[in-house]
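Labels run A, B, C and D following the written order; every chain starts at residue 1.
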Amino acid sequence: MELLEYQVKEWFGKIGIPVLPSQRINHPTDLKRLKISYPVVLKSQVYGGGRAQAGGVKFVETTIDAIATAHNIFNLPISGELPEVLLAEAKYEADQEFYLGVVLDSAVCRPVLLGCTEADVEWESAGDKMQHVVVEQEFSPFYARRLALKMGLHGVLMQSVSAVVEKMYRLFVEQDLDLIEINPLGIKVSGEVMALNGSVNVNERAIRRHPDIAEIAKKNINRYTSSETIRNLGDWDGIELNGKIGILGNGAGSVMATLDLVANAGGKPGVCINLRHASPIETSITTFSSRLEEALKNLAADKSIQVILINFLSSIAQTEDAIEVIENFIQQHKNEIKPQFSRSNGNKNRRDGQSPYLVVRLAGSEFNEARKHLTKLQTQSDTLIVLENLDEAVAKAVSLAKPTTYKKLSLNS
Amino acid sequence: MELLEYQVKEWFGKIGIPVLPSQRINHPTDLKRLKISYPVVLKSQVYGGGRAQAGGVKFVETTIDAIATAHNIFNLPISGELPEVLLAEAKYEADQEFYLGVVLDSAVCRPVLLGCTEADVEWESAGDKMQHVVVEQEFSPFYARRLALKMGLHGVLMQSVSAVVEKMYRLFVEQDLDLIEINPLGIKVSGEVMALNGSVNVNERAIRRHPDIAEIAKKNINRYTSSETIRNLGDWDGIELNGKIGILGNGAGSVMATLDLVANAGGKPGVCINLRHASPIETSITTFSSRLEEALKNLAADKSIQVILINFLSSIAQTEDAIEVIENFIQQHKNEIKPQFSRSNGNKNRRDGQSPYLVVRLAGSEFNEARKHLTKLQTQSDTLIVLENLDEAVAKAVSLAKPTTYKKLSLNS
Amino acid sequence: MKLTPDSKVIIQGFCEYISATHVAQMKAYGTNLVAGVDPGFGGQELLYSLPVFDLVEQVIERFGVIDTTIICVHPYQVLDAALEAIASGIRQIIIISPGVPPLDMVQLLRKAEATETLVVGPNSPGIIVPGKILLGIQPNEFYTPGPVGILSRSTTLTYEIARELTQAALGQSISVSIGSDAVVGSSFIQWLQILDEDETTQVIVLVGQPGGGREEEAARYIIEAIDKPVVAYIAGTKAPPVQHWRQTGTLAAVVGRDPDFGTAQSKVAALNAVRVPVAERPSQIPELVRKVMR
Amino acid sequence: MKLTPDSKVIIQGFCEYISATHVAQMKAYGTNLVAGVDPGFGGQELLYSLPVFDLVEQVIERFGVIDTTIICVHPYQVLDAALEAIASGIRQIIIISPGVPPLDMVQLLRKAEATETLVVGPNSPGIIVPGKILLGIQPNEFYTPGPVGILSRSTTLTYEIARELTQAALGQSISVSIGSDAVVGSSFIQWLQILDEDETTQVIVLVGQPGGGREEEAARYIIEAIDKPVVAYIAGTKAPPVQHWRQTGTLAAVVGRDPDFGTAQSKVAALNAVRVPVAERPSQIPELVRKVMR
């Protein structure tokens, strides 16, 4: 989970990373009570990069100027997002700008310190310019000095830059971050350093052990709601594609293998959900069946989904509960289909009111009973198919997903 | 350095150790704005133990009662100390009371967790009752569970007590403590725990890396001023005795050996100061010579000191500066002695206006020049003796310290 | 790695991912499961018909040296449980719990390396040696003794492949999942080495998925050091890349890795380059195994 | 412990306790002092006519493996400097700096034990092998080669005793101060063992002072394992006890130690109990040494 610049700078200030005097602006009129002297920079507080290029960062010289500019920035969407807050900050004349970062590298299973004597480097070509130090053992400040020296720094600047890296590392560990960056770090000829912009990514699994971050996460959770709840839930827990076949499985590898099978069989995978884990930012306790229930509800509500392919192979906690969820889902949608069909004449949206097909692949002795039971239901249902063989289940799902009869209606009409 | 109970409880609250609602009382009238409901406990905030027995802890039921009691406690000295602050705290009915502690054990070079299912244990006989766990490797909560189990706890209580120990350990490390205690920890039958009283000792060497503690230390420094500055400065840096021979040396072992020699030769050692280190709570930077100058000034001002015995054996930083300090001291006191002697007739205080003898033992080639130089001064001074042999220097110092002619004048007159 | 049926095993914690069925299955399989450790529940009752203790050291006092612990505590308590096991001299740790904060794992791995402790997982269903020992929650029904060693990072996908092999009458010598988290203990390389030395194993099936560089490392190691034939399957070749910040591509460039680093494509390419046959789907694996076994 | 004149030595940091004179003295004594490490001053100038580097690893790149580092950085930087040395493979560390926070030392000692690193100090003037090598700030003028090994916790008092021996024509084989802080690295026991094996050493002089239990431990070890005669001197027998909380007495009782623990009296008694002659004053030591040498 990302934090906004002003939140990051509060952390910086507390831990002793030098930051400029700044003020949070909730409304343009707040600028009348500005305690920083002009010239001032106004910065849109949005997630993601490219803010400056999009016009979200402006220098202002007077209060009138500032209020007008703030109005504009508040109304300027950046990557589709409007800022709730601006940050007003003193202007800083840096002689040089550096990049500093700490990131967890899963390939070496260690944090890596990153540093470059240029800011805003193109990552793809940063190979030569960007320096890195792997923090092999428990961190100690000498790792930060090693980075600063690799960056080609000496004397006082080497010491002040490594002191900043040391504090970044402390934040990294104390707050369970995946990433912390200062980009740029302003440098004066005098050797003074200043964190001009900062960003962090909090590891989502660790959020719940940091009450203050959990508080921010709770507010941010709106950014992940509706169809997005099922997207990007941590490590491969869900994938949103645009196809018509929704996939539910237990375990990331199993879900991905199913996705590959569907694609290889000529089908178009839609949302894929791994039910093994709850979202790490989920605040309430979930069970496998509650996650299954939620996922089925969301997929059924998604009009682009024609087929839901469930792939379960044994070792699911509370098998009975899970089967009951599937059964309830079928019952509920069987009841819905009839009256809806009668009303669907002349309805332009093909899928409206029609339940998606449910292809259920169940394998393993755990499911022997359930398979028999659901197979019985199959005969009473128009939309349920129960199978044991995975390849067959995939083939069935692909054949059931018919091509859509209209395209981009909303854009062309 | 000790902290007061209310400071310790602020730490407890922040780190999540359960504490009762409480309020700091700077003046009895503050009790009119008490936000805690009666009955309330008023506690004198003084250093050291025995507060309850001395009458510094009282239960009160009404505001009138509280104000009157607060007046009394503010005026009740405990071990000679008047409280500047009281703590008003909700009353707690504990079913049981435990002792918990974490202390650095220098013999095993590790922190030790301590726990006892009785509070206020007599330390001398605690052997059987008090449980301990040495924190051999990096701390992890299982050490706390080990302690709780050794204390004979089970189930929920084992877990809640070990959770408190875990947080105590975190404070111990984060704040560089020598000791942290909860005594007592109140226990309810329900399994609820409550830190009813807490104390910590901050390691004096680490104070400067904790700005908030350094702030408290700065205020506390008044407790260590005047003759007390030279006492108890960390580990063996100074010892205050009541004898007439003040001892200055370089290194704790050397100072103690000199002290022993003086005592074994029939002399009475007075204040002994190890000049090798500055006081750890000293805020300004000191040098060996500045410490020597300060120590000489303090010893000369101390009227009970008749002889100052300096024992220097090579390897002193800036030898020349140190010798210059001694020389200046002699010059200054030579000048003082003459006029003061003339005014000292009829003065009841024998030592008043008379400088102490200065026996300077210098050995090592570093002091060859200095010894020659001071030996020359010796001939011009009434009070300076320069020697190379330690035993001789000690013998001289002892012979110069004559018995006092009056005793406890102020008490008997 | 001590994987003999007589090696003594404990379970630390009983989370959602380990059920009474799993415990019963392990015992039925002959695993020498001596006790459970669950702080606060010591001595109170027999959980899943195992004696339960508050501390690992209490188990050791009672039963002597323990070879392996299976950790199923809350993800935030995994580090503590593992450090407790290490402090008690246990040198094989299998972590079932998913969701362990990665910086906890970094700390644990530093300690594990210093003490030469093998850590499998987290987010791993553990190890099965068909017919001999089950350490974890792999469903034994899909396994049968035989010559194929399975190395994987997945849970269910691992069983899927075992099932395909068993149905094709190809038994397994061992099946290990090193765990699907970004930061895990043991690597494919360590297990390739063990399987290469294992007398029962004739073919190795390597099951990968996107993220990290473990399959690429494995490919390099296979060409350098492994004599036995290897067959691979990589899930997620059709999955869109999930951009973990600067793990895939960008950080890779900085530290001198391929910009394709972490993708299923990169893994398939690395395996192709060392002539390891890569199956297109799980059901194709038995066929490839038979081919290389000839 | 490698104490031969060819072993390579560096200095990390130059605090008030190490002067140009000390560095010159070490070099004059033949100590193979190859470089200084002082972050921020690397390459800038020759400090005390030593090449100065920013990092220990830079020294090693240039001069190869380093045997010993003498640490004189600010007390709050001692832990970092020592960890840097350990990470660079240095396995002998002498810490001169006084005032190191004790919890930093606890952390360092855990790491030192795990890596089998010898840590002498903090607050130690180091080691001298008269006529061979000087590692630290002991003034060599008081020393002369001979058969007496000195083990101490003090600084100046150690030289005082060396001076007494030299004046009495009793040379020294080695003189080590383990440091006068409460928490220090190497113990008397370790050094007693080294001196017992050292061919040059014929008599050992043990110099103690109040605090901790190192002298008592040493006494127990002497009776168990040391064949060479030992003479002792304990400073502070007339000093009033400084009550470090529950270090002296009270904590002792809890963890099963003598309530007298930590006092000079306890140390003298422990040495008397194992028939180690205890001198009353430094000038008496040569006499006692001669007596036991006969």
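Definition applied: a contact is a pair of C-beta atoms (placed from the backbone, for glycine too) under 8 Å apart; a residue touches a chain by one contact, two chains touch by 3 or more.
Everything numeric in this text was worked out from a predicted model, so none of it was measured.
Under the contact definition stated at the top, the chains bordering both chain C and chain D are A, B. Of all chains, the one whose CA centroid is most distant from that of chain C is B. Contact tally for B-D versus A-D: the pair with more C-beta pairs in contact is B-D. In this assembly, the C-alpha centroid of chain A lies 56 Å from the C-alpha centroid of chain D.
Rounded to a whole number, the gap between the C-alpha centres of chain A and chain C is 27 angstrom.
Among the residues of chain A, those touching two or more other chains are numbered 137-138. Arrangement of the chains shown, judged by which pairs touch: one closed cycle in which each chain has exactly two touching partners.
If you check each pair of chains against the touch rule, the ones that pass are A-C, A-D, B-C, B-D. Interface residues of chain D facing chain A in the complex, by the touch rule stated above, are 39-44, 54-58, 77, 79-81, 83-84, 87, 111. Per the touch definition, chain B reaches chain D in the complex via residues 103-107, 109-112, 114, 123-127, 130, 132, 137-138, 172-173, 176, 178-179, 201, 203, 205-206, 208-209, 232, 235-236, 239, 241, 249-254, 256-257, 259-264, 269, 272, 276-277, 280, 287-288, 313-315, 317, 363-366, 390-391. Remark: chain D residues 16-17, 19, 75-76, 98-103, 105-106, 109-110, 125, 137-139, 141-142, 152-160, 163, 180-184, 207, 209-214, 233, 235-240, 242, 244-247, 249-251, 253-257, 259, 261, 280-283 touch chain B in the complex. On chain B, the positions that touch chain C within their shared complex are 136-138, 140-142, 145-146, 149, 154-156, 158-159, 162.
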